[in-house]
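Chain naming follows the written order as A, B, C and D, and within any one chain the residues start at number 1.
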Amino acid sequence: MTRRAVPGQVGERPNEPSIFERRESVVRSYCRRLDCVLDTAEGSLVRDITGREYLDFVAGAGSLNYGHNDPDMRAALIAHLEHGGISHSLDMFSSAKGAFLTTFESLVLLPRGMDYRVQFTGPTGANAVEAALKLARKVTGRTNVIAFTNGFHGMSQGALAVTGNRYHRGGPQNPLYGVTRMPYDGYLGDSVDTADLLDRMLHDPSSGLDAPAAILLETVQGEGGLNVASPAWLRRIAELARTSGALLVVDDVQAGCGRTGTFFSFEPFDIVPDLVVLAKSISGYGLPMALLLIRPEYDVWLPGEHNGTFRGNVHAFVTARVALEKFWSTVDFTADVARRSQLLARRLAEVGALVPGTSVKGRGMMCGIDVGSGRHADTVVRGCFAEGLMLETAGSYDQVVKLLPPLTTPDKVLHEGLDILLSVIRAAASGREWRSSSGPVIA
Amino acid sequence: MTRRAVPGQVGERPNEPSIFERRESVVRSYCRRLDCVLDTAEGSLVRDITGREYLDFVAGAGSLNYGHNDPDMRAALIAHLEHGGISHSLDMFSSAKGAFLTTFESLVLLPRGMDYRVQFTGPTGANAVEAALKLARKVTGRTNVIAFTNGFHGMSQGALAVTGNRYHRGGPQNPLYGVTRMPYDGYLGDSVDTADLLDRMLHDPSSGLDAPAAILLETVQGEGGLNVASPAWLRRIAELARTSGALLVVDDVQAGCGRTGTFFSFEPFDIVPDLVVLAKSISGYGLPMALLLIRPEYDVWLPGEHNGTFRGNVHAFVTARVALEKFWSTVDFTADVARRSQLLARRLAEVGALVPGTSVKGRGMMCGIDVGSGRHADTVVRGCFAEGLMLETAGSYDQVVKLLPPLTTPDKVLHEGLDILLSVIRAAASGREWRSSSGPVIA
Amino acid sequence: MTRRAVPGQVGERPNEPSIFERRESVVRSYCRRLDCVLDTAEGSLVRDITGREYLDFVAGAGSLNYGHNDPDMRAALIAHLEHGGISHSLDMFSSAKGAFLTTFESLVLLPRGMDYRVQFTGPTGANAVEAALKLARKVTGRTNVIAFTNGFHGMSQGALAVTGNRYHRGGPQNPLYGVTRMPYDGYLGDSVDTADLLDRMLHDPSSGLDAPAAILLETVQGEGGLNVASPAWLRRIAELARTSGALLVVDDVQAGCGRTGTFFSFEPFDIVPDLVVLAKSISGYGLPMALLLIRPEYDVWLPGEHNGTFRGNVHAFVTARVALEKFWSTVDFTADVARRSQLLARRLAEVGALVPGTSVKGRGMMCGIDVGSGRHADTVVRGCFAEGLMLETAGSYDQVVKLLPPLTTPDKVLHEGLDILLSVIRAAASGREWRSSSGPVIA
Amino acid sequence: MTRRAVPGQVGERPNEPSIFERRESVVRSYCRRLDCVLDTAEGSLVRDITGREYLDFVAGAGSLNYGHNDPDMRAALIAHLEHGGISHSLDMFSSAKGAFLTTFESLVLLPRGMDYRVQFTGPTGANAVEAALKLARKVTGRTNVIAFTNGFHGMSQGALAVTGNRYHRGGPQNPLYGVTRMPYDGYLGDSVDTADLLDRMLHDPSSGLDAPAAILLETVQGEGGLNVASPAWLRRIAELARTSGALLVVDDVQAGCGRTGTFFSFEPFDIVPDLVVLAKSISGYGLPMALLLIRPEYDVWLPGEHNGTFRGNVHAFVTARVALEKFWSTVDFTADVARRSQLLARRLAEVGALVPGTSVKGRGMMCGIDVGSGRHADTVVRGCFAEGLMLETAGSYDQVVKLLPPLTTPDKVLHEGLDILLSVIRAAASGREWRSSSGPVIA
């Protein structure tokens, strides 16, 4: 590792390891490619300690759907702080939690005809996934959980068991059991409906598939490579859950909170999950918060049976309420997201048309372009970063350049970002190294 | 369930279920006994929406060692907000993270001659425990983890596997494997050194104990009933970890950050854990944050091998830095905590002397009184709440009334709280129901 | 249960429960449908204590490929007994074991150009499967084992984990882990090559498929319903094992020892398994015996690392040697089996043609007819038993009437059996109950 | 490895690897120390192919309690063979099975006032242990099984999970779950009653001990080192099983069938196990056979829910019946075993007195001498083999020289064997190497 001083840090000297190199675990990752020290942020812009600005099309991996430091949420949070509002309340009642729940009920649940109980789990998606699986096992008395190829649900042991990525799973010494993996929609190409396999195995008593407690899925697999499930497949899986006595669990951590155009990613498809996991953008302001939505008949927890210290992050309740009020009271925001989704699709199609061997992926404002290999994608992301655009990658081979701009990004700024991407990818694709790889490269 | 309106909530009417009853999962627990709607807080006081004040000797289950809404942390956080400081940065570098690390290095690590790398895990203790166990398994290539009776480490599947509480574990359908349970210090009374069993089983190749990746312990078991490990036992366990090739992992989530009198609970005992888990009070302000400290030789993660969305809770970095600067720059705070610990011990001994069948538990400012049964403890906690003192319970049967006041609680306020406790317990113990139970009651 | 006396048992009186009803566990099963008390047997005939004779087309579920009480094996066993030959020798060397190994080498391994080491495991197929999986895990350092839908490998925990049948698996309280289930050849119909899924998932690092220690399969699934894998599929799976670093394990317990026409069922397909499991007919005489064949480079056991009391069933070594000498010294037996296989196929095709909705299954002399429902198959088996023909059923719904006659069954006797089957099935199929079910009935 | 020809084997030439070296897996073990090729046997004598005779105090690891080739059992088996008696009958009724059950009922169960159902499992102890654990889990709906340090129950995955020996367990890649290990009687010396720990952990809801389906134990741990449980401890464990809702399972595979003086090893202690596992000597003649005895109220299997090909080893039924009739019809055999047990104890005490640092172990006719190290024990066993006495070793370090002579061994022959042992151990103990090790050597 080359030693690099971080300018402006107190006590750092050139040619000495930075405080991060000295003290932060080597597990750190985003910072390796997006190598700057962030300081301030506003909307879709972030600024590092040298004053350099970047368009942020990573948006906290989907945690900042409303952009950085929304002024209304900030004002409410400052008011809460100045008022002496409590910040941490375990799972006790608080005025801020009550206000959030009231708003969530009136702006999210009632307009959609949904009846869910809300469990405030530990404030990460993984915590909520863990709660969902434990609850489904309790409700059904079964162990097995169906999860899908390329699914991503978190790092704690239960969430990791349903996550597909071998890089994270930890090898044979890390016990990850109780899960059956099924091929996601499209995994075997267009000619095979992968739901056939699940259907057959669920109904065949000798298939080796133990009766499932839950079927867990993302409607769009974000980390998995922006793979999109079709409405027909989703409906069929939902029906298979119902007929097999399994709970249908939708992990809407990344695809929810408007990312695909509706508050919940599954709204357009006429399915009603038994459990829904929300996290990332639910607080609106990037603060840690996660929810498990539970159909009332399955809310069979005993008091405190599943608990945790940070279930009551009051600051997050405050900003989450403002986020709902500001963006989900009218249809304006939905219309904006729809328009911006089309804008992104159109501009990405340009890229796709420009560079042979690439393909456009995703739905709504979680979209991107498969450039055929992780090496290509890395070249593109590094090139964009040099030009002031932050992006990340996804997919089994990190071969998908992924765009998760804030949903509030002005159209003009979206165009700026796409312009950078287009120019970088065009330049890269004309390079010798890129062209020497014929067809998709899997590295 | 009796329907109870929460006064003062918008849209609530008497005799209708409150928003919490309507929408929050029945898993909620603290709020059942400490039944009020919290609004504001300051130091060791919390205030509900009716204006009623309580002494808070729960302190976010140990997350508020510096009290509620410390003015200096609040000021720093407001300044950060007003400055447009970034709030969420994944695991990218940020100025606030750099400042925290620099402060942690200079005020915590260097003065203690400690050399650790810092992993920012998902912001809960459970997330950090998960990371610790996965890393220990990776380092050693072994699966088995030694955990102790009455240990409590969190709710996610890996953390739950090392947690002793059957109420939380989830029954046979919830796979919890890869852990061997050993008796904690004192589990079989004073005449048996429980380390003998671990020693024997580790060295006997036919004991059935698979070679351990880690030995995980709390130096004081908070949830487990304020059980205190002796220095000799801790040193022996540390030595057994060393000789058996296991990593010694100390879960200092509740006992750390000054709770027992020193920053780390194990400082007085001349042991050096390989991994240390911190959470709860590390942010200082009750904001979600967790750390895993890793001896450099074991920091063998691959980049991003263990990740998570909320590793970069920048607000928590801001307050955590201020907390360290304010309380750990001089020895004044340590002296205060030592004095208050003695005060608590002295006053609890009064209670112990007063009521037959009770015994004082704990160390430093995590202490309490075993009143012999969960029913008795519940009576005491409810009685104190009625008198304006918030407490919780711990132990296998919830038979221990537990005191976790902020470490900053003025001596006078500690006395006020203890006065309430003393008077409530005296009254309860003279009641017929209490006295009809001869000796400890296990319910 | 109706109480039924077994005629001829000492001490049994009419209308009292038989000794079996009094003392044998209700787990007993074959005896329920094939309800008689067997006494003597010869070739393909068995005789009960009342003197009634049956054609035995069950043949010990494939353990009596050479028929009952072969006179040469019997003579050798009696000679061994009269000579005072040792009967039990743990895993010590014995003259009988040496003679068996010498014969196995010269008549089985050398003519086929095979180089295997022989492990004498506990004397059941399940014991040998357990040894195979443990060895594959040791060799590779991996946990996961690929097994297939409808596979059947035994009842012990490791063997059960790879077995598909839910009826046997034991529910969520019986831990069965470390196995990934894949669809067997043809599981999704002719248009889907199920090897595509395994191929894709093995090579996709984010598929959720942990790197496999072994791929375990039967070339014909006996209990699973006489499902036959195609040569192309088998070769592809073998290649996938090789390229993914997994050991290819063929469970030839039922399909081996000549049952499909060659000594090993995989001989015609040009694949070389790394491990081969043999049991059932290897002793020739129905005596418990099982083998694991190991390619020399994988014979990495430590001495006694996997052991067992009955690895040295000397009586079985004696008869096993005679069986090899008698049936595998020349090509005559192979020719007989080929001719009889065709005979069976031809006659079963008659049945298939006769009864709509049925289909012929299997390969070689493990074959049968899928009659569409377990109820139909039960009717057929009970009808045949009444006519003096013993059969069993197989398949997910026990919907396949299964024929496993001794390979030595004279052609004439095969015809007799088939005549009975044909007449019974014709009569049954013309009944009202059968015809009221349109199409295959799954019960 | 030195290449050694086995004289007298067909086709073997000096200086070439024997057929065993060429073809038998390196997993073979007994044959390494007891290096001869066995041919014939009678009573307590075995003879190798060179005509050399040995006293057999290994007795098939306890499978030959009635000696080799008992003439009455042999005659019955030859008669069965000559009569054309069926040899293999799956789990169908057979006259031989009926006769065995009738005899077992009248000579074993009724005289002892026992009411058990008999399950014929696969014919090894491990198979029967697997059935026992699966049944206990089914009955209770619980997963966890309590097993003890140094317990040995077999090699299949479920049986291995309850086995203590790390050498056999297979490392982290071999999943062995669902078991909690407790210290056996005496494991922590005389001053600690290890039942206290089980008692405490069973009743403490926060101990981390999941509610057990079964408590599984041997009354004398054969492989574990001839450790003897006291009557008081056994009764306490039985009571803990009862009060905690667990089934008490006694593995009487090695200690049963008269080995400790009574038919069942637990008879003297006034405990009634819910399940009893028998194997090894139950067939009387060293033929593979195993039983699970089930209290009727727990015989809740579905038909065929747990099955296996070799449940009906008819030859074993024949010899097992004769064994019961011959040895258990009168009290003579019991008296003989009692006398011989005392003889062994007396003679072993001589050895113990002679050699400092040794101690006598065991109960009844499963006994031996702990010589302090595996190296010493190996020296003794090899020395005895050279003098014509076959012995094996046991214990965590193979430090116990173990005597399992046939129960029928004439007193005079027992003395002969003990004379050899005494002289060998005396000579060995006076050697320099032995004496250089002060105190027990753990290698």
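Note that a contact is a pair of C-beta atoms (placed from the backbone, for glycine too) under 8 Å apart; a residue touches a chain by one contact, two chains touch by 3 or more.
In this text, all values refer to a predicted model and were calculated from it rather than measured experimentally.
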If a chain touches chain A and chain B alike, it appears here: C, D
Per Cα centroids, the chain farthest from chain D: A
Centre-of-Cα separation between chain C and chain A, whole angstrom: 49
Between chain D and chain C, distance of the C-alpha-averaged centres to the nearest whole Å: 30
Rounded Å distance, chain B centre to chain C centre (Cα mean): 57
For chain D, residues that touch 2 or more chains besides their own: 141-143, 167, 172-173, 175, 177-178
Residue numbers on chain D that touch chain B, as the complex places them: 141-144, 147-151, 163-167, 169, 172, 175-181, 183, 187-188, 191-192, 196-197, 200-201, 203-211, 224-225, 395-397
Chain B to chain A touching residues, read off their complex: 6, 8-11, 18-20, 22-32, 34-42, 46, 49, 58, 60-64, 68-69, 74, 77-78, 81-95, 97-99, 101-102, 104-105, 109, 116-120, 122-127, 130-131, 133-134, 137-138, 140-143, 154-159, 161, 167-168, 170-175, 177-178, 213, 253, 279-280, 285-288, 292, 294, 299-310, 313, 315
Residues of chain C that touch chain B when the two form their complex: 172-173, 175, 177
